[in-house]
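First chain A sits with chain B, and in the next complex the same chain sits with chain C.
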Partner chain A sequence: MRRPRLRGGLAVLAGLVLVVAAWGVLELAPSTEAVQAPIPVRVGMGERGEGRNIAATVLDVVIAERLTDEDPFDPWNGETTGQWIVVNATVESTRRGGSLDARLELGSLSIIGSGRPPIGTSLQTAPLEAGIQVTGWVAFEVPADAPLPSTATIRIAEGIDSRLDSVITVRLDLAGADRVGEFVLPDTETAAR
Partner chain B sequence: MAVDEPPVRARRDRVLAWLDRVPTLVWIGAAALVVVGVVALFGGLDDAEATVDVTELQALAVGVASGGAPTDVTVLSVSRTTAMPELWLEADPGQEFIVVEIDAVNTWDRTTVGIRSAVLLELDGELVEADRVMVSADLAAVSTLPPRVPTRMTLIWPVPVGAVGDVAPVLVTDSVFVPDPVLLDAPYWRDLGPRWVVSAPVETAPHAAQGDGSAP
Partner chain C sequence: MSWLRENRWWLVALVVLVPATIVAALWPQWFDYQNRINPPVLRAETGELVEYAGSQWRLDEWKIVLATSAEGGDLDLPVGTQLIAALVTIEPGDTAPSCTASLVDDERDRWWRTTIGSTPDFPGAPDASNYCDPDLTDPYQAVFTWVVPAEVGRSGAVELAVFEADPLILRFDP
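Up next is the complex of A and B:
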């Protein structure tokens, strides 16, 4: 009479152990976001980072209260209630044509490069052709309600979907960056073929 | 213990044999019909809600922030015009532009992409998104808002003349954050639809956008 009861008890215990083990596996397993995370290529300012489909060299960073462009007849009015962090870089799509996706990690904030600057003055909206270097600036509109951290990180990828693909990652020294009232965005320059 | 009588057992066997002959696909079809029936019973097959009863929404005054998420919207003004020279825009015959100016703040810590659906116009019970969404300072068309940068924006709807009376029902939507979605890879904001209505007086202006006046 005792054996079936004992067997039943063991079965319940084994079931509980399996449930706990399954929970443990679930907790230990990396999230989908982590499994599909981009592959960072970390380089410093002035160094060329090259990934599977993108290469980039970050050259300079400037903090500005206002942006404009070089158009003498109809200058762009890049006013903001925040401030601008503008980053100068040379980028190159290494496999196929496409577009750039630049993001700034600023403290807890993640900011996509602004689409406000006129076409031709921003790397964020510049078309990329395979093997052709483009040099220019990408502008990030950031809040002005708190002091800027001393550093930020720019992440440069080819296309908006960088899952499991290369992202050139460069730490920016904001404490040492030039601060200006107005910054004039020059036109992007495409290297000769 | 009761034992089935032979006639009863025979009848049960006949029923089971008949059921056994029914193809599996028929069972699957019948189950699907039951599911569809239950869904229909609870309104799941009704047309998607494209209209809204503005009387059920929370009233919001002009100049008052909605406090919505992730975009906190303050409706500042509404005007009508037939031409916006700074945008090289002229209304078609029988049409006019309704121009809404707002202050918008993305309160999330990432750039958001839902600014177009944050403010709607109610036209004959239909919810209509703006045809153009621009930053007022430079009239740059944008689809994103950077985090925590208050931005004055200009939204434009082309509408038939007379479709909007002296008071425009401007609807402001709200969303809820889904941090750990089941099917998607990343957290997102689920649109809850309109939550506030701003009954804004419509001013008539030759052109209402606040750009620097120069043609692009």
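Up next is the complex of A and C:
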């Protein structure tokens, strides 16, 4: 008479263990966001970072109060209530043409490269083609109330959807960056590597 | 043991049917995916009419313009690049096609999109379109141009992709 009761108890126990194990697996499983996260290629300033679909070299960083361009007749007026962080880089697509997506991680803020500078003066709006390098500046408009930490990180990807694809990641030294009142954005330059 | 023996055929069925169901469910998607990343290649001679997506396509002429040439200077090509242009005749079928034409290198790991604005002259086709025009139902000519690194040389093939059809690589030897 005791054996069936024992077996029943064991079955209940085994069932509970399995439910707890299933919960554990569910908790341990990475989120979709983590599974599809971009793959960072971390390099230093001046070093070329090459991923699956994009390569980039970050060359310089400047903090400016306002921006303008080289147009002698109708110069662009890049006023801001905050400040600009402008980053100089050489970028190329390594597989298919596309567009650049540069983001600046500034403390808890993630700022996308500004679309305000005129076409032809910003890397953010420059078309990318395989094996053809584009050199220029990308500007990030930092809100007035955002504190400026001593370092920031720029993330350069091809296209806005960088899931499971490469992101060139470079740490920027903002404390050591040049600070200017006005910065003139030169035209981007294109040349095969 | 007796339970296993009693249910052995069900277990065998389970072992066979579960993988079979997974394969049957994923096979069409896998096939589509393979077709997209590795399109079939159709080798065609210059001047030869080929059929794709219900229309007829013919490469009439290639032109390569180096950045270092006078014409390359006129077209303001970037340093170290060349422009490859293809004059293509399109004879639309029942539906005039919308298409993209990419240049793909020999290793098939680099693609270039058509460039607008730098079109060299094809004296025989002064009125050629520079895209697949879905409004044209009569045969017409289109010039597709690509700006590529000079090292691509004279190699490469055109990957045509008509909306709603699998892409096709037309390998023309320039």
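By our rule, the second predicted complex is superposed on the first by the 173 of 193 C-alpha atoms of A that agree within 3 Å, B and C clash if a C-alpha of one lies under 4 Å from a C-alpha of the other, contacts with A are read in each partner's own complex, and residues count from 1 in each chain.
Heads up, the rule we're going with is that a residue touches a chain if its C-beta (ideal position, glycine included) is under 8 Å from a C-beta of that chain, and two chains touch if they have at least 3 such contacts.
From a predicted model like this one, the values you see are computed outputs, not experimental measurements.
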Worksheet item: Based on the superposition on chain A, does the combination of chain B and chain C result in a clash or a fit?
Response: fit
Discussion item. For A:96 in the superposed arrangement: first (chain B), second (chain C), both or neither?
Written reply: second
Worksheet item: In the superposed arrangement, does chain B or chain C reach more residues of chain A?
Response: B
Discussion item. For A:132, using the defined touch cut-off, is the partner it touches chain B, chain C, both, or neither? Pick first, second, both or neither.
Written reply: second
Practice prompt. Quick one: classify A:190 as touching chain B (first), chain C (second), both or neither.
Written response: second
Item to complete: Measure off the angle at the C-alpha centre of chain A toward the C-alpha centres of chain B and chain C in the combined model, and quote it in steps of 10°.
Response: 80
Worksheet item: Which holds for A:78: it touches chain B only (first), chain C only (second), both, or neither?
Response: first
Fill in: Where chain B and chain C come nearest after superposition, their Cα distance in Å
20
Worksheet item: Which chain A residues come up in both lists, the one for chain B and the one for chain C?
Response: none
Item to complete: Can you check the complex and tell me which residues of chain C touch chain A?
Response: 78-81, 109-113, 147-152
Response to the item:
In their shared complex, chain B is touched by residues of chain A numbered 32-33, 36, 74, 76-82, 108-112, 114-118, 140-145, 163
Worksheet entry | Touching residues on chain A, where the partner in the complex is chain C | 94-97, 129-132, 190-193
Worksheet item: Across the complex, what residues on chain B touch chain A?
Response: 109-111, 135, 137-138, 140-144, 146-151, 185-186, 211-212, 214-216
